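Labels for the chains are A, B and C, by order of writing; each one numbers its residues from 1.
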Amino acid sequence: MTDLSTAFATALRLITTLDAALVEIVTLSLRVSFGAVLVACVLGLPLGAALALARFPGRQALVVLGNALMGLPPVVAGLVVYLLLSRAGPLGEFGLLFTPSAMVIAQVVLITPIIAALARQVVEDLWASLGEQLRSLGAGPWRAVPTLLWEGRFSLVTVVLAGFGRSIAEVGAVIIVGGNIAHVTRTMTTAIALETSRGDLPLALGLGFVLMLLAVLVNGAAYWIRDFARARGG
Amino acid sequence: MAILPLALAGVRFVRAGETLLGPLDLELGACGTSVVIGPNGAGKSLLLRLCHGLLAPSAGRVRWCGADAGSAAQRQAMVFQQPVVLRRSVLANVDYALALRGLPRRERQRRAAEALALAGLEALARRPAHVLSGGERQRLALARVWALRPEVLFLDEPTASLDPAATAAVEALIGRFRQAGTVVVMTTHDLGQARRLADEVLFLYRGQVRERAPAAAFFAAPACAEARAFVRGELLW
Amino acid sequence: MRSLIPMDLLRRLTLLACAAATLAWGTAGAEERFITVASTTSTEQSGLFGHLLPRFTAKTGIAVRVVAVGTGQAIQIAERGDADVLFVHHTPSEEKFVADGFGVKRYPVMYNDFVIVGPKADPAAIRGGSDAVAAFAGIARAQAPFASRGDDSGTHKAELALWKAAAVDVKAASGQWYRETGSGMGPTLNTAAGLGAYALTDRGTWAAFKNRGELEVLLAGDPRLFNPYGIILVNPARHPHVKAADGQAFIDWVISPAGQQAIADYKVDGEPLFFPNYRP
């Protein structure tokens, strides 16, 4: 118990003093996660919607594959991105390895399947109830994609949050492609991994508490926005 | 210039080996309001969906024979038993349908305002559509298709889940379509409604049109035994 | 088409997207003069780099980005050209790295030493000895738990060499008293603390390690526990993008009298952890 209370006190001290190192890694964590979620949404939401509406041979296989990719181990995603971005790899010339961009790319690989697969489910259900009416009004499946994404916006907020949650809490991929370089690619989670390996468990756990707080704040904000939008008439 | 008449030739609809509708040979669109009646499962909704193009027939052809048949999809509309509204404002629901037709903004605004006024919804224009009552939703659905100026309007049991007051409002709106020259093809299980609205009646039984007659003649003396039983209110299936 | 999604919301979304993109990428674009050094957890986690690098950066304006992993992985990173400088501690691997053409030249920089830590109770009775090989043989005889890195790191390689000298086949004992954690020094020490196991660790990591539990240093000072560090510029002939000039500047500084003095000056609890040993 003393460890836990020390960790809690550490977390409190880090937050109340706005510890400069903490602010730096929190900022980077948020930048990487928001960036990854943004890109993953731009890719994953239309992809999921298209997969929900399109009918083509091999669609089911693709759906199964997408669902399976939700469980992609972060370390595997990290390794694949590492090999792609490495100087010896096909995208090596851009020199992206060990940069925040590399971390964003790895997380996009991780969370795009999550967002696409969950969005597909949401859009498929919507199409089941709205499809006839939309077709009657003249919106075929392709025209319906933006309509249905907008129609499902409240459910999709939860989908996006699922992606964000995975992204902000993830360490396996970002530590491989980011390298956990101090002041450059050190995020909340890689700092926790580092402090754990230094045996400073209270500090590691304290950072963990801060991370949880951050997740609560982001989810709370999203919930509030959603409620507000609903009340205003969405 | 018109897309009508609509001709069904040898149309059948089969699902899981069972013929649910047809074979049908008939032409629609000659008179103001055609009401399709018949017991549950007779195929009324199927018939409307085949005519509207939401379903493809298993055999036979559904063909628009008018000079403008090429633009048939743009010149017909349908309102469903459960009115489907989008999660946006009442006005935006109407505007959405108009935007799908590619109309310019000014024209959309003009038509939407007019349609909402007709349906008595102008005060609710900014409300979220999904908080409307059932009757208001159905009026919104009708306002939405009013704005589209269809030549043919399909209505599938438009008042099935409404109370008498809401039903009266919807029937009044259907009357406006008729006045405006829109050909209405509707189904109902409410014989009173059929009497109030129909110019002609199609009696559908077990996937077949068993009788088709001007409304007055039909209700005065149905020709076939099933129709007579149905009009008397006996249970048919 | 415009009103399929309300316009004002679309505008707001676009603004939000731009803001998020700026947030994610904005400062990443700020160009900074830096080199990447692939090094080991021992140098990073002992705090040596935190002491050393700001001095170098202040002098030259070159920032140093350290990727701290096991020696094996650090060499992999350097071989693929993903670092400019390799700074590790396993001399045979370093010499092979240069011989294979991946590195330009190996410079000896410093050494620290390994220590054998274990539970206070010391079931294998190795406390106070001066012969690391005999101690390892004793641990094997007692079948006392031993936590190994098992990760192909420099420390792991040094440990395997000691087992070999003691004629102990740890492969056969793996999973029994011999536990391979497959992770870095810190996690391995966490495991040892949890199991009450013996472990071989570099003194730097041990000095900075906080979760010691019942562990303490039981044996140190055997010359065979000598742990030399080398520094190598990744070969620009092999990887043309390597920042050869800035990387060499770092090497030159580390082996210069100023750099060597800075290494000697780094102390934890008053004890030096690393001993400079560059000889021109």
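Assume a residue touches a chain if its C-beta (ideal position, glycine included) is under 8 Å from a C-beta of that chain, and two chains touch if they have at least 3 such contacts.
The chain list, named the UniProt way, goes like this: A = Tungstate transport system permease protein; B = Amino acid ABC transporter ATP-binding protein (PAAT family); C = Tungstate transport system substrate-binding protein.
Owing to the predicted nature of the structure, the values given are computational and were not obtained by experimental measurement.
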(request) Give me the ID of the chain with the smallest distance between its Cα centroid and the all-protein Cα centroid. (result) A
(request) Report back the single chain whose CA centre is most distant from the CA centre of chain B. (result) C
(request) Out of every possible chain pairing, name the one holding the most C-beta contact pairs. (result) A-C
(message) Counting only Cα atoms for the centres, state how far chain B is from chain C in Å.
(response) 76
(request) Report, in whole Å, the distance between the mean C-alpha point of chain A and the mean C-alpha point of chain B. (result) 46
(request) Would you mind pulling out the distance in Å between where the CA atoms of chain A average out and where those of chain C do? (result) 30
(request) Return the residues of chain C touching two or more other chains; collapse runs of consecutive numbers into ranges. (result) 4
(message) Can you pull out the residues of chain A that are in contact with at least two other chains?
(response) 143, 147, 150
(request) Would you mind listing the residues of chain B that make contact with two or more other chains? (result) 88, 96, 100
(request) Could you please specify the touching residues of chain B with respect to chain A in the complex? (result) 49, 52, 54, 73-74, 77-78, 80, 84, 86-89, 96-97, 100-101, 126-128, 144, 148
(request) Could you pull out which chain A residues touch chain C in their complex? (result) 30-32, 34-36, 38, 42, 86-89, 92-93, 95, 97-101, 104, 143, 146-147, 150, 179-182, 184, 194, 196-201
(request) Would you pull the chain C residues touching chain A in the complex into a rising list? (result) 4-5, 17, 20-21, 23-25, 28, 36, 41, 45, 50, 65-69, 79-82, 183-187, 189-190, 193, 205, 208-212, 239, 241
(message) Help me check something: in the complex, which residues belonging to chain A touch chain B?
(response) 129-130, 132-133, 135-139, 143, 147, 150-151, 153-154, 233-234
